[in-house]
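Once you scroll down, you'll see the structures, which are given as structure tokens.
Same chain, two partners: chain A is paired with chain B first, then with chain C.
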Partner chain A sequence: MSEKKYFDEMLNADGSVRDPYRILADWVQSQPKTALKQLAADAETIFRRLGITFAVYGSNESTERLIPFDVIPRVISANEWRRLEKGIEQRVKALNMFLFDLYHNQDIIRAGRIPEKLIIQNEAFCPHMMGLNPPRGIYSHIIGVDIVRTGPDDFYVLEDNLRTPSGVSYMLEDREAMMHLVPDLFHKLKVAPVETYPENLRRTLESVAPDSCAGSPNIVVLTPGIYNSAYFEHSFLADQMGATLCEGHDLFVDNGKVYMRTTLGPERVDVIYRRIDDDFLDPLTFRPDSMLGVPGLFDAYRAGNVTLVNAPGTGIADDKAVYTYVPQIIEFYLGEKPILKNVPTYNCTNVDERAYVLDNLAELVVKEVHGSGGYGMLVGPASTKKQRAEFTEKIRARPDNYIVQPTLALSTCPTFTNAGIAPRHVDLRPFVLVGDQIRITPGGLTRVALKRGSLVVNSSQGGGTKDTWVLED
Partner chain B sequence: MLGRSAANLFWMSRYVERAENMARLLEVGYRMSLTERGEDGTSEYLMSMLRAAEAEEGFAAKHEAVDVASVAHYMLFDTDNPSSVKSCLFNARTNAKSVRTEITTDMWESLNGTWLEFSQVQPRHVLGNKLPAFMQSIKQSSNQFRGALLGTLMRTDGFAFAQAGGFIERADNTARILDVKYYVLLPRASMVGGDVDIQQWTMILRAASAHRAYRHLYHDRYKAWNIADFLIFRKEMPRSLAFCATSITAMLGMLDQIYGEPSSCHDDAIRMAQILTTGTMDKVFSDGLHEYLMAFMDSNNRLSSAISDNYNFY
Partner chain C sequence: MRISIRHELRYAFPEDTARAVQHVLMTPCDTKGQKVIEWSIDMPGMESAEHFTDAFGNLAHLVTQSRPENGLGILVTGIVDTSDASGVVGRLDNDPNIALFKRLTGQTRPNGNLVNRLKAQQKAGLGRVELMHWLMNRLHEAHEASGEEDEEPVEIVAEDHAHVFVAALRGIDIPARFVTGYVLEAQDKPARLHAWAEAWDDSLGWIGFDPSANLCPTEAYVRLATGLDAETSTPVRLVPDLPRENDDAIRVAQVMMANQQQ
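Showing the complex of A and B:
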């Protein structure tokens, strides 16, 4: 596979340096290999001592690992960012309106713009939410949109991640590490700050406190606990916001109100930024065997005595099957053309499309409709004959369980590897906050596939991260 | 603050302190055993140390010979031993991880760094001649953590819980270190006050990092009476029972002030401190040193439970 056919973030096809990378490219070139190696080692020490790790499911031996960090940042120009920002804002606005509609009148179904079956029979649809009015009508407050780039002006949204997206702590710590490692570069380049995120998160959460809450709301972060893969992030965010980090058993519901157990007895809770999946939130409403949640929590939410962020049932709007309808959703609610592109998606329940898919598996990407984290997917160009045969069987058996997309030519970004600086594929996850206003942190988390030629950036599959620099004008 | 978080802070400090004191206890046993000329490598001194650490049964279930290598391995690395340094550091870190938002980055880095280093140590690399240096490094890690706590943690309720836990544990451990001497039998009664006896007492002092300070306070050669007085009653001595009890009282008083209401566990602590600030060595030796220490450990334990109940630990 030739590297040339991919758009490179730093280099034009003729080898010249793209504008936003001028200063960075000079800097990289002026670094001896040993200097970059030293920076990489320093970065690893910083992260390990801070305990920025993630737990890997299914690995018994070392349950905590570092997400590899690459010291060469990814740069986005002010112009490029403005466009991305507009596109993201448009999407999250429309998707929140879509959620409100689905849990109220369902106008979009009545108008025949989306099949009823796709919504009502979808596991991600939450009937308990029908008719419920969350503060400000917002369902998904905290969003991490996955975007990939295939050309100078070609940005595609891969996933909207409207449930409980993670990774924002890496964005913040990557920046922290870079400011520590290469202060001189920040001196030369005007990089938009990301450090405002925790403050904005707090403002967002405060702005959606229940109407009945007088004074400054008591905000907690609800975590499944220290063995969760994203526990570091949960504690990090609670700490940065000055909120209390709670586990399910730290909270209880009495007479429709939520309290936490403090050293001085019960204390009322107003807003819960929950990092527990819908199913586990409340054993009385959802999964009865859940040990992670709080019995009675959903009733307290329904009664308007506490705000859950994000609301339960947002998964219906980032379901992989619903994803294909996002362009129509934007047009339906906003009357606008989508600014960011959707990846064309094949529907395997359609006979013709399925036939095409099965004939061309080697060129396509297959994803499980309810899968995440890069598990259970097939990347055609990197697959073996045996894997393709397996997926052929799977798709034939349950066509509705898979979506199929063309393999996108993810852009590459120079990355420091064992073999020196080399292009590696990247994506981008900007983080969005929706409350009294929409706040998008400039940049986001750049994930990088560290294996040569690999297109899978997930940390569970050997991906790493880079700091992302949005330049200011 | 969550009752659980208060408990996590309390136990985080207890486990760090325990890890340090396990190293101190082992140090006493180890040094004493160097002077022994046992037949099959079995050490009476190490046996006594295990008894004082309440680790005798657990050790016996896994080992036959009481030699330096097996005892050191059991006290430092064996995760079947709930009080081994490794178990303590693991528990300290787990507690700290559960209250990441209540402790400072400095504290976390110190504890996490200690755990990462410790968990990578190969026991066979340190069980020989490097053992004294390794025990020293455990004490240093504990000192570093305490420094981070004192230097960076806000003086709020969390600080008081963390400190109270540390002092409860230290009081317990100092009593145990002192109690080692009870279990060490002298070959003949006539040897009381003799060279061997004094040498044993000296090692007790060393384990408390107090052999030099002793000279400054007592201007006298090492004497059992003085050493016990030093580790039980002297308020200048930061590992003495009196110092610990006074410090616990201060922390519980601080909580009363922060929360604006008196607590019954504070009263308990005041009573315990009073006994120690007004006690005398005459009483200790008439009760019997061992009996006196056992009674102290018992009331110290009850105080710990009273704090848990009072502040909704769970």
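Showing the complex of A and C:
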């Protein structure tokens, strides 16, 4: 790769240490290499005991793997965080207003600010949601915004993830592990807590219970089952907030209300944190062949007898083609300038832009409009000639199926590697809860590309995680 | 014209079915061309069924049976007064956002050639409603020319025609929808469940077109339900989903007597 200058979150260009990292840098320097090695080994023991694994699709070997963990935390100053927080809050507010509008009057389309076709013909748009009024007008309650940093003040949102974002269990377990591993560091630095997340999740879910629900709402987590890559997280979150973990066949709908089968008889359910995709929620309304869902669930939702979190049809607001309109969406609903930037995105259906893209593939990133998890993408600078030729064909055949962005110079953080401490590229997924109020957990999940020079942080593609420390004033 | 309808459906569930659930879209609404005088759906579970307006403006019932031992029988009976409104249905109280009916689905993929010919007619100055008639005539001609008349059951032909019609109009950005309903036929032939289409005009509202018969619905038509396509307007959707292609598992016996009483 070319000698690009990347923003290092710990070190200035002249080698001096950036403010937020001062105490951490001293600590790291005072550690003999063997001590860090020991910490890494201890961390692995902890994670094995906790049983955190994730499934990798498409690999034959062991399907369950331990996600790699780096013992050097990432540090974000209180000031930096305040700005990020504001920007995230602005975005999730605007996107929830956008969803309400799309499923009601569609003022933004009438105003000519977003093409009708992009919405009406979009797979992620859910016609069945038209005219429904979810409690508090909230569609996406649980959000994981993917953010990358390219400079001291430059933050870009890569994806908004408004459907069923995962990863929050890693954030919580990473923190727990760090508190075991380096308790002394938590005395030296005032790190904002993340362990309140499960409690906040519960509060958020309770706050969006149906109006008809009297008393304390009964909350369940609905999982597709043990073969899902995030099953661990489903059971972990249910456990942490004291909710029941269930599968579709544990629930049924009677008289428009949802019940859970229990040994003591049917128990009414008020709020469902569902980790099943829209299509599979209810075979009567969505895919008739779904074995994972609950027949009549959507009818119970429509009748206001149960709340689905997140609501069906939120995917239209994090669709990769709609993404390019988010700055306009923020201006339209809030009358504000976006605080966080969007990554400039090329539209391959435009002849000029496509020509530019095909001429410069080696410097660009190509993503499938409906892809996720780092599958089906091309990272130009790391690609082979053959791969670029393949993508040239793909883009020519279906230009609307791809979005293309410049390769971002992702910031780096000090990371413990076989060769000692070295900079590795990172991104950040803060977790947002939207209910009676907007709650953003300080920090989030930092994903790190462990391979030298790699810009792909997805755990399915050799990425790891590290704890994220937001400093308090 | 007063039309009475009796429609009987039977489903045989697999043995040991613990629970069966259905969406029933079998309640017609009043339009410019029809007024519902009497209507009833008789089936197990109906007394405690929930009803709601679905995403496409239909009145739907959610019906449940525990241990449906002898299968499921549905009897729909009703009386509807109709008049000839030259196919104009108008605006309906429960109509959702009209733009929704521009959405293409798996069953409504526009034929590029047909869309291009429509565009050419549009360019040549054909008005919106004329364009709809032009399209209906072309589909009918194409069908006549193909000479496949007796090959396929008449219901399938009607459904296909309605899909092609709807998809082509959506292809030129005109909202259009799929309709199911009853049609009174000649005295010697039994009535049947039929499928046709409706297209949107800003001044007239919805206008019905029956491309398989090459006419706009007359007073012989009773409109039942509508949707993006056959799948979303199907009169009965069931879980467990019975394999419709398998005649042994599915038994739908329709007994319909439609007669004029006026």
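As a working rule, the second predicted complex is superposed on the first by the 468 of 473 C-alpha atoms of A that agree within 3 Å, B and C clash if a C-alpha of one lies under 4 Å from a C-alpha of the other, contacts with A are read in each partner's own complex, and residues count from 1 in each chain.
Please note the rule applied: a residue touches a chain if its C-beta (ideal position, glycine included) is under 8 Å from a C-beta of that chain, and two chains touch if they have at least 3 such contacts.
Here the structure is a predicted model, which means the values were calculated and not measured.
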### Message
Looking at A:121 after the superposition, I want to know if it touches chain B, chain C, both of them or none. Which is it: first, second, both, neither?
### Response
second
### Message
With both complexes superposed on chain A, which partner does A:250 reach: first (chain B), second (chain C), both or neither?
### Response
first
### Task
In the overlay, answer first, second, both or neither for which of chain B and chain C A:231 touches.
first
### Query
First (chain B), second (chain C), both or neither: which does A:48 touch?
first
### Task
Have a look at where A:239 lands relative to chain B and chain C in the superposition and call it first, second, both or neither.
first
### Message
So in the superposed three-chain picture, is A:407 touching just chain B, just chain C, both, or none of them (first/second/both/neither)?
### Response
neither
### Query
Between chain B (first) and chain C (second), which, if any, makes contact with A:260: first, second, both or neither?
first
### Query
Who does A:458 touch here: chain B (first), chain C (second), both, or neither?
neither
### In the complex with chain A, residue positions of chain B that touch it
1-6, 94, 97-101, 105, 108-109, 112-113, 116, 157, 259, 311-312, 314
### Message
For a test of understanding, state which residues of chain C touch chain A in their complex under the given definition.
### Response
19, 21-23, 48, 50, 52, 54-56, 62, 64, 96-97, 99-100, 102-104, 228, 237, 239, 241
#### Entry: In the complex with chain C, residue positions of chain A that touch it
105-106, 109, 116, 120-121, 125, 127-131, 252-256, 283-285, 288-289, 295-296, 299, 302-303
### Query
Quick one: in the complex, what on chain A touches chain B?
48-51, 225-226, 231-232, 235-236, 238-239, 243-247, 249-250, 260-265
